[in-house]
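I've put the structures underneath this note.
Here chain A shows up in two complexes: once beside chain B, once beside chain C.
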Partner chain A sequence: MQESAFLLGQVFNGVSVASLFVLAALGLALSFGLMRVINMAHGEMLMLGGYLAYMTLAVVPGPLGLLVALPVAFLGAALLGAVLEFTIIHRLSARPLDTLLATWGVSLILQQAARNLFGAIGVQVIAPGWLDHTVAISSGVLGGLTLPDTRIFILLVAAIVLGAIALLLNRTRLGLYVRAVNQDRPVAAAMGVNARLVDLLVFSLGTGVAGLAGVILALLGPVTPTVGQSYIVPAFLVVILGGLGSLVGTTIASLIVGLFTALIEIFVDVSLAQVLLLVFVIVFIQFRPQGVITVRTRALEG
Partner chain B sequence: MALKHFGLAAALLATTMLGAVRPALADGTVKVGVLQSLSGTMAISEVPLEDAELLAISQLNAKGGVLGKKIVPVVEDGASDPSTFAQKATKLIEEDKVVTVFGGWTSSSRKAMLPVFQRLHSLLWYPVQFEGNECSPNIMYSGAQPNQQALPALTWAEQKGYKKIFLLGSDYVYPRTANLILKKHIAHAGLTLSGEEYVPLGGTDFSSIVAEIEQAKPDIIINTLNGDSNVSFFKQMAAAGMTPDKLPVMSFSIAEPEAQAMGPSLLAGSYTSWNYFQSLPGAANAAFVAAYKVKYGANAVVDDPMVHGYVDVMEWADAVKKAGTFDPKAVRNAAVALGFQDSPLGEVKFAPNQSMVQTGYIGQLQPDGQFKVIWSSPGPIEPVPYDPLTFPGKSCGAHSTF
Partner chain C sequence: MKISSRQILPAMVLLFGACAPLLINAYELSLLGRFLALSILAMGIMLIWGEGGILSLGQGVFFGLGAYALALHLKLEGLNIANGDMPDFMVWSGVSALPAFWYPFASPWFSLACIVLIPGSVAAAFSWLVFRRRIGGVYFALITQALALAFSTLLISQQAYTGGFNGLTDYSTFDGYDITSNFAARVIYWITFVLVTICYFALRWLLATRWGIMLRATRDGENRVRFLGHNPLPYKVGAFTIAGVLAGIGGALFTLHAGVVSPALVGVVPSIEMVVWVALGGRNVLWGAIAGTLLVNFAKDQISSALPSLWLYGLGALFILAVSFLPAGIAGLFRPGSPEERVVRRMLTRRKLETAE
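Presenting the complex of A and B:
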């Protein structure tokens, strides 16, 4: 394999990992920006997405099962998010530390529920046949470069989701309300925006995206009761690096984290790469505590 | 003799303190400890192992027990935590007065229990394959030493003509030590090490490693990843077009239950090296598998560590019969002198160094989740706790101390 092909392959891998992070972190960023809620159960929404994919594939086997699983997981996780918001988070809205503790409890309950329902070992989700190929370049400067279809698919899904959310936030009336509440909740409410409903919708949108991410993860990794835990830490990392509550910041931060890891792994092993990533983020936050993108919002003041 | 008076006094004391002194031998029962993780991350693997140990005990009791005494298992939970293992081992020996303990899985749990058994002069039966480099007079090591699992795998790969070997593992003591030994033997045999990579325990992203494997183009990957990381690895390899039939993978931590859980279709065609497969022929194995299924369900699968746990209990009973006593030191001395016995593993015995002499097998995973034995060592392999190439000058022979 050519050096240039290997390098480009790593850039592609970095972008691919970034696309997973952005899907996993988006909901966290949205709900924190709007409601100042740190949802510790966010990882379990990924887990739920994985199990919903498993169940959907059992009902709809065959090549299109995955395409059915995506909306099912989105709706399922969004519904659970709505229930969670309505029953717990909304009632603890002015107490961020209590929310942290309560959502952590919810995360434990959901993990144990998955364990009781499906067993501790996890379930099997297999990528459909049409994702079983690779795009291989056999000659030229990039000879030897192979791009798995699965990762291209994930990249596409992430791009579509990001595009849709950007449109929703910037081009629709709901998006206007979200931005208004984000900037100044009391004034927006005084203008007649139903801030309560906006909270509910944004929170369940965030968990729904996490559910989608869960389906995608099932193509690359295991579906187990604790799978959410492996992604929640990188997701928080991305949110902090990106600037709390910013869509663009989250995307850029995902790219930074993904590319940084993929490129540094050319030189060092995976364990050391993680250490260096954390060191990088700590140093970055020292010089730019507000993250990549600064969000001006009253919600984040005082 | 003063001992006689002491015995009388002890008997009197026993009646007043109700079982504080050797209640294990007081009536028609004898207590043994069963110490596995029944909770925490290791419970997935250790609960079935505990089931197998309890099955052996109930089979012995059905035949009238040992030396005329019923065996009472005292079950404790190590909770996947080394210091809990040490605590519970102390409790089993000191409070419950068990005559021996069956248990442990991770090397860290064994390392934590080792000083307890040495200090209290008791005997632990450890059933899991491990990295060797340890030689305690108070532990019976029935799981494979590196020269009974890792090295047979390398010998097989060499015979198949695989020359470029890629080592991949989780980042902790077993893969690091196993690969240290493998690297010495790879160099010694004139093979090529085409790469060596570790991922943190539970790691899920293999994109860089897959790219490195693509570039290194090894003939075979020797995989010591643990747990769920295997699922991520095999899925991401398959996505890159490198399925086990195109690039062979030899795994040391995947047995029947793991293959079942991860999905045989994902792993089908990959290889693994153990001293036991459920598919092994032999009447003893057929009887064991049947008995296990009767007790724990028709879909239950068994694997190498479970069978070692089962065989440990049976070897202990035979050693007790040979020694004529439950005294741990006498039982230890009898166990290493038992000679070859038939078992679900085939013909096995304990060597003077207290590790098991057993055959190495290579299995290939079939679509039904069972392994087909495609290679076996020429005969039972003598256990070597200290690999001579890696740890020159260290050896482990018969123990006189206890």
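Presenting the complex of A and C:
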């Protein structure tokens, strides 16, 4: 294989991993911007999405099962997210660190529930036939480059979701409310924005998107009770790098984390790559402690 | 000297702790010993989280650094290094020569110093790098969690140098003394007990000093501390460093009691479990941290062996309930004027009224 093709293949891998990260981190970042809380059970929304995809494909076999699974996973995860927000997160939102611990408790319970329902080994979702190809370039400078259809599909889903959320945030009344609460909650509330409802909607939207990411994860490997855990720590780092509740920041940060991981893995093994990613994040915040996109605000304590 | 009733209970606890090797059987003693070792770490969490307002989800890292610093020495004990002897797992992994960083650990004194120095310096450097850019709160918690993940995966992947997933186990002597006998178990228990007591009183003293006041001030209003002309950085870095050292000491003692250290004890999940001990016991009270550690760990020992899946549900519920309904922990129930104490008192008085009727 030619070197340029290999390098481009890694870049492509990095971008497709990044698109998973962005789907996983989007909900975290949006809710963090609004409520300053992080949902540690967010990884389990990915897991839930994966299991919902598995169950949907058992009910609706055939080529279109996957297209049914996407909305099912979105709605299922969004519903669970709404319940979680209503029962726990909203009650604790004045104490962000305690929310972290309480939602970690939720995450433990959800993992154990999955273990009891589906077994610890995990279930396999088989990609439908129309995703079973690879785009291979056999000649030219990029000879030997192969792009699996599943990875291209991931990119597409991420792009569509990002576009839809960008439209929602920038072109709708709800988006206006979200941005208003993000900038100044008391003033927005004083102007008649139902901040409570905005919190709830954004939170469940975010968990729904994580559910979508779970479907995609299921195409890449087995769905296990701890599948979310392996993606959630990089997603947290994306939130830190991205800046407060910024869509653009989150996307850029996902690309940074995805590409960094994919490219560094050319030289070192996976575990060392994880260490270097953390070192990179710590070095990065030395220069930009507020993330890639800084939301300008007059508040002293953000 | 008149002894007040408030002093009787602590004195009895101390007396029981000191005499425990004579009162309970060897198995119970080994459990109590290792949980007391963990409570040293828990007091560190109380210091940074309860008093400093810094939530660390990576205390397992410092616990592990202390534990491995001692375990490295225990594995080299009795081997003739000059002769090319190597720990058993290295031979199995096909390592040709002892790695350079292992050599100094042949000295017990170097190893003992490292139990304090390595966790302390890593904690100081890490927290300084993060806090100097004024990154705190949730961000700090997430970065420490990433640290715990990176540390445990690194330990697992470097099988040939760290013993990998199985960790380091099978120790026999320390500086020539047998550490496996029943007598040794008692001595190790007493060392642990004395260290817990020392740490308790040292931290009590520290929190009463000006430094302790400044730490609490930083927790309650970091910007106000700045406006008053103080730099909050030394208090936060100092507290985090002390907590790291305490975690390291706890880790080394735990290794002596348990006879093993492995990545399973230092990763993301154990690190966050450590926080729940303190959350349940009471994050603002030193004895609460110790009580919470003993309580959760004895409960875990009882439940998890019989019904492992029930334990995980229970642990999850404990996280949710402790922070939602018992933010000051069990210790809060006893503190006059706390919301929890008021609820308990109201329940008690209601009962009294009912019985009076």
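Before moving on, here are some points about what is shown:
In this text, the second predicted complex is superposed on the first by the 297 of 302 C-alpha atoms of A that agree within 3 Å, B and C clash if a C-alpha of one lies under 4 Å from a C-alpha of the other, contacts with A are read in each partner's own complex, and residues count from 1 in each chain.
Here, a residue touches a chain if its C-beta (ideal position, glycine included) is under 8 Å from a C-beta of that chain, and two chains touch if they have at least 3 such contacts.
Remember, it's a predicted structure, so these values are computed and weren't measured experimentally.
When the two structures are aligned on the shared chain, A:6 is found in touch with chain B, with no touch to chain C. In the superposed model, A:131 makes contact with chain B only, not with chain C.
By the touch criterion defined above, A:146 lies against chain B but remains apart from chain C after alignment on the C-alpha atoms of chain A. Looking at the shared chain after the overlay, A:274 reaches both chain B and chain C.
Once chain A of one complex is fitted onto chain A of the other, the partner contacts of A:219 are limited to chain B, with no touch recorded for chain C. In the superposition on the C-alpha atoms of chain A, the part of chain A touched by chain B in one complex and by chain C in the other spans residues 269-271, 274. Those residues of chain C that touch chain A in the shared complex are 49, 53, 55, 57, 126, 129-130, 133-135, 137-139, 141-143, 145-147, 149-150, 153-154, 156-158, 223, 268, 272, 275-276, 279, 309, 312-313, 315-320, 322-324, 327. Those residues of chain B that touch chain A in the shared complex are 43-44, 171, 197-200, 202-205, 207-209, 211, 214-215, 228, 231-232, 235-236, 238-241, 257, 261-263, 265-266. By the touch rule above, chain A contacts chain C in their complex via residues 32, 36-38, 88, 91-92, 95-102, 104-109, 111-112, 115-116, 229, 233, 236-237, 239-240, 269-272, 274-275, 277-278, 281-282, 285-286, 289, 300-301. Those residues of chain A lying in contact with chain B across their complex are 1, 6, 9-10, 13, 16-17, 120-122, 124, 126-127, 131-134, 136, 144, 146, 148-151, 217, 219-222, 224, 227, 230-231, 261-262, 265-266, 269-271, 273-274.
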